[in-house]
Amino acid sequence: MTDNLLEAIGLQKSFGALKVAQDVTLRLRVGERHALIGPNGAGKSTLVALLSGVLALGGGRILLGGRDIGRSSPSQRTREGLVRTFQVSNLFGGLTVLENVYLAVSERAGASFRLWRPAYRNTDLIDRAHEILEQLGLGEVARTRVDQLAYGQQRLLEIAIALALRPKVLLLDEPTAGIPSTEAGILLDALDRLPPEIAILLIEHDMQVVRRFASTVTVLVEGKILMTGSPIEVMSSEEVRSVYLGKAGQTRFASEVAHA
Amino acid sequence: MKITVSSTGLSALDRPRLPMIALVVFALALAVFFVFPDRLSLAAYIGIFALFALSLDLALGMAGIVTLGHAAFFGVGAYTAGWLALAGWQEPITGVVISGLCAAALAGALGPFILRLTGLPLVMVTLAVGVFLFEAANKLTWLTGGDDGLYGMTFSPVLGIFEWSIYGTTDYLYVLAWLALAFYGCHRLTTSNFGLALRGVRENRLRMSLLGSSVLAQLTLAYALSAFIAGVAGALLAQTSEFVGLEVLSVEKSIDVVVILVLGGVGHLYGALLGAPVYLLIKDMSKEWNPHAWMIIIGFMLVFVMLVARGGIHGVLHKVIARSRGKLPNGEPR
Amino acid sequence: MEQFLASLAFIILYGGTYGAVLFIISVGLVMTMGLMRVPNLAHGAFAALGGYLTILLMNQAGANYFVAVPVAVILVAALGALAERTIYVRLYNIPELDQILLTVGIAFIFVGGLALTFGPNVFTIRLPEVLSGSVDLFGRSFPVYRVFLLAVGALIILGFWLVFDRTTLGAKLRAAVDNRSMAQATGINVERIVMLAFAAGTGLAALGGAIGAGLFPLEPLYPIKYLTIILIIVALSGFGNIKSSIVVAMVVGIADTAARYYLPELGGFAIYALVIAAVAMRPAGMFARQG
Amino acid sequence: MLEAERLTGGWGPTIVVENVDLNVGDAECLAIVGRNGVGKTTLLELVAGRTSAKSGRLRLDGQDLVPLSIYQRARAGLGYVPQNREVFPTLTVREHLSIASRPGRWTREKVLELLPRLGQRLDNLGSQLSGGEQQMLAIARALLGNPRLILMDEPSEGLAPVVVEHLISVLREIISDGSLSMILVEQRIDLALELSDRFIIMDRGQITYQANSADFDLEAGRLPELMGLTH
Amino acid sequence: QDQIKVGILSHDTGPFAQNGQGFHRGIEVYQALHGKSAGGREIEFVYRDIGGPNPAVGKRLAEELIVREKVQILGGFALSSEALAVGPIVEQTKTPAITFIASSPSVLAGSQYFLKSGQHIAQSSSAGATFARKQGAEKCYIVVSDYQPGYDAQKAFRKTFESEGGQIVGEVRVPLNTVDFAAIVEGIASTETDCINVFVPPGAPAIGLLRALAERGLVESNFVVGMGEAEDHILPQYDDSVVGFKGALYYAEALDNEENKTFIAKLKELYGPDTQPDFASASAYDGAHLIYEMVKSQEGKDWSGPDAVEAVKGLSWNGVRGPMKIDPETRELVQNIYLREVQKVDGKLQNAIVDQLEAVEAPSKEWMEN
């Protein structure tokens, strides 16, 4: 028995002639902080969609805690603790921030089929929702309608909802996009405060974030895994530099290594 | 598909305010009993449509199921009540419950198939299912009486005490009681976790399923609950008119009820209570004045509500009240 | 065998012409619904208006059929443009249910208005001499009127092909619907092309209403009565795919004719069963690519 | 090139941007930075005409923009890369490029050379693009309109570092050869400083700081304070 | 100062508005000719629009007419289902009710206070079969719309045609929403017939079917008999191909009797020279007569609905349709059925009377059911 929480083995997917996942194998251990990087259109978001069940697998197996969930519906996977966020915010725009999180809390608690009892009496659930919002600094906007939130706050809310689902594995698709680099810290702090046993897969184009967050980095190129390794290993690889990081990325990264 | 829901500015997680409008409406409804004793037939008819519209609000307003085929459940309820009575089961209250259950069973059976759809495909399929049932009822004359309808049924007095009469006294109070009961039930339902989950489904179905919720099951349950109430309304029509005609299954009925709900305001239950009397009274009056005018009037009302008074009567009332109290609901322009 | 072939020829010819009329009446809605995403349930009203105006022009102004029809079409198209500028323009970004109800409201106004002006009677349009005879085709006599319908249908298809395959108009329209303000920010004069497209859609409806009156007689309830069949065409062609709407209209026309010929009593059911099955299985339309 | 005076506006009744003065010269790149929700996007939308100004003046090369509608402003020479990309979900990449294109130095070939990834996805619908590809398409769409002034709202978001690098070098080249001016909203301050000639910091709908990019020392660590992040 | 109020359940809007218009006109013409009172009582008509196939609304309106408007007599009823729905109220309140055109066999069974001024559908249908046989038709094909009146008409025609020695070679029930009848007609053309019986609602379906029959040349080559599909006022909607179509019905505009001439003259005077009568306005006219007779029968007495009904049972009089009588046993009408044929006279299409059956009785319930 390994301590692999999530195992994706030999995943395949293509859109017509375009192969977006070619024999992708990826393992996440309990508590692992794993980053997924790669050029645009490499298939990173597709991989998250395959793992979360939004797209049907073209081949391969997905094991969560040893159980094959490759054929389960997205909602089953969520219930089993595999939770994702979206690259482009995907929220309940007409509801308030609190209601958004409450929905997640109530689903997670299995309380969403309570037909008779008024929601406001579920103080335990409401408190939990508030608690999560505070954690991400969204307490002040709890009663704001989501479609009136500034973009950055919507990104934080995405995370809040994910946390409310008490994930075992968290898949984050560019969670810091649109948040100023100076503020991405809030988000990373929130991730740091998560229970350590949660495994997180983070897609990110900002190398500063990757470096601060990840212990392992996987590089995906044209649907294939190019390499997996520690941040330093990956970022000093010639190949990764040429297809993804570029010269500037390299120098900028170098200067950061120097800082660290 | 998105639908416009008139905003109350109240979060589902606040303690619900006393449903003032509902209390006022029910008080008015009771007053009608004393003030217009010679119009109770119409009043009962209005009550039945308010109930039908309420059922639609559950499906449309709460769960976002846009349907042009809700008459299917109304009709099944009506025919069931008719068949029961013709077969000798004349007790009205159990008749209503059984009819509602039959309608709910149909919705429960259909739901898993058609509720996968959204948007115009859903509209089309509900429409087609409605037409299909109508045509089937037309063909199955041995069962439905076809164009002649089901007739010659009688019902025993309500609770064994209240006799039916052409003055509509019993009819009206009986309908009103069912309406109040259903309204209370729906109110509980919409303020519950389930109600909030349905709003989530309406807003963003994919996201909801990624919260781990069984969206199809939630929708089907909502659909069946809604169908139950629609079936109850249909059964009440059968019982108060002692007749069931094919038109209970017609597309016109389905459209009528959508129009009633939209005039009243979608999504807050009151819409049904407000829309039914306004719609049917205007219909009644304008027909006495000039029958052709009715189509034009209702046409203009729809255009008006959609272009100017979004949110229907409920929405307008709500704004007026909010303005008079000097505060506006969250996010609405002043 | 000979009998069978004869009936087959019949079904194809008559079903084809029925399909052609369905196509002409529906394609305007396929276009507005698909390109502009407005489920304009008042579409049938514009068709009816085209028919009624033709009658007015022929009876009151004594116009010739071939003058009355185009004039009616132009008048309705102009009205369509006006309606777009004043009413439909406010519809583009509201929820679909609201669009449905608003346009149903417009249809209701037409129904009442037609009843008030023309009375409850059914009207048909008297065909000119040239169209009322018959010709021999495939060894049987075939009304000239039906040939005429087929020809008009073919012309319209050609017109669409020229406009949409040769210009970026279609893409601009879709862009305008997808995201109106972004389309404008790309430099597209959204208001103008949307108005033109709408005028074209209503004009086509009017054409269908006028020349199709031989199959769909005019009456005040016309706008609502024929809505179902029009919507079926639109739904089966995937809400907006003009190319597939040609095929769908023909298939429906021929299938319906065949069903009425072989199983006349089920005709009423068959089409709805088909819709339920087709839409439930392939909500994107019968001929949509699966992706 | 662009002059805005006391520009004020927002969404519906809410005022988000207040009394902002802006000047962008020919062949100049002006960067705007600021915390989330301070009104950067709103300012660009006001210039593009997607929300209307409550008051203030706005001119492009002396031409008054205020009475012009969105598409007229676009034809007058404004290009826009919006924050959420806003590619058209039902249009293919090819269609995007063909409806956006107006004559000028940017042709389809040149744009595809700058963003080769798009060339491989010509028949994908907007909704079938990856996040980064959508961003590329939004940029391509704006460039193909051959604007004189391009408004870019966080163009680097979601793009791979190597693409950003390439983009910056190309943009810097065109700006410096005088054919294009730019307003750039950017969260990545380093990029913003690298590309721009001047930059401004916005807070709560107003300009709170401005400076020449070249003179500003990022390492000095004054930025959080200037942006109002510390109290 | 004594007043009798009559509530008319009508259709002023919706698909049956044509009939409703006939109801109004028939009654108004009758009042114009015979004054607004009878038997010492003023008679006032109150109209209600049902507005479509909606018996429950009909029932509600009937209740309101009785409870609120305090009408003593009901009239109207375009659809049989409306009469069936209202039956229990009529019975309960003992209100005489005259159905103008509702002609389902079951209408009168709804209450003993129902009377008719129209027909039992089998009267016309059976007569159509008899006419066909008289003209030598051997083989007949029946086309009816797929709804209850269609079934009743189909059955009556078939029974009579067969019992008189003819053969039915095919029958088809066409869905009500049928638009293009070409396929149906093609099916008929492929069988050997010399007679075609049709029953479809007037309006679009009738026009569509007859056109298709004519287009295929079947109107020329067959004895095509229907009921009210080609009333005179609809004829302008047909082209010449409809010439030769026949209808068997209890009324015809061309009827040459005093009552009818006065009726038509007044009708044209009131509504313009182009106005033409039809079976709905004629039935309403004769219905109004029946109402006046009922009121007269109670002259000098306190109004009693049941007595008024009793008084007119067995009544016979000359209506616009010719001699008519209420069968005291069944309360059905005994009346002539005319065979009308569309002809072209002076360039104008019109229905001429080519044959008639006198004093046709309604068949018994047993006959209809077996």
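As written, the chain order gives the labels A, B, C, D and E, with residue 1 at the start of each chain.
What we mean here is this: contacts are C-beta pairs under 8 Å (C-beta built on N, C-alpha and C of every residue); 3 or more make two chains touch, one makes a residue touch a chain.
Model, not experiment: these values are computed from the prediction.
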item	value
Steps in the shortest chain-to-chain touch route ending at chain D and beginning at chain A	1
If a chain touches chain B and chain D alike, it appears here	A, C
Farthest chain (mean CA position) relative to chain A	E
Which of C-E and A-B has more C-beta pairs touching across its chains	A-B
Whole-Å gap separating chain A and chain E, where each centre is the average of the chain's CA atoms	74
Centre-to-centre distance between chain C and chain B (centres being mean Cα positions), rounded to whole Å	33
Centroid spacing, where centroids are CA-atom means, of chain B and chain E in whole angstrom	37
Chain C and chain D: spacing of chain centres that average the CA atoms, whole Å	44
Numbers and ranges of chain E residues touching at least 2 other chains	13, 17, 146, 175-176
Sites on chain B at which at least two other chains make contact	135, 139, 292, 294-295
Contacts with two or more other chains, residues of chain D listed in rising order	128
Complex contacts: residues of chain E adjacent to chain C	13-15, 17-18, 21, 146, 172-180, 182-184, 186-187, 190, 203-204, 207-208, 211, 215, 233-234, 237-239
Residue ranges of chain E touching chain B (in the complex, touch as defined)	12-13, 17, 20, 48-49, 51-57, 59-60, 63-64, 66-68, 79-81, 84-85, 87-89, 92-93, 104, 106, 110, 146-149, 151, 175-176
Chain E-touching residues of chain B, taken from the complex the two chains share	38-39, 41-42, 45, 135, 138-139, 141, 145-149, 151-152, 154, 166-168, 237, 241-243, 245-248, 250, 252, 287-288, 291-292, 294-295
Chain D partner contacts - residues on chain A that touch it in the complex	15, 38-42, 44-46, 87-88, 150-153, 174, 177-183, 205-207, 242-249, 252
Footprint of chain B on chain A - complex, ascending	52, 54, 73-76, 78-79, 83-84, 90-96, 98-99, 102-104, 106-108, 111-120, 122, 125-126, 143-145, 148, 161, 165
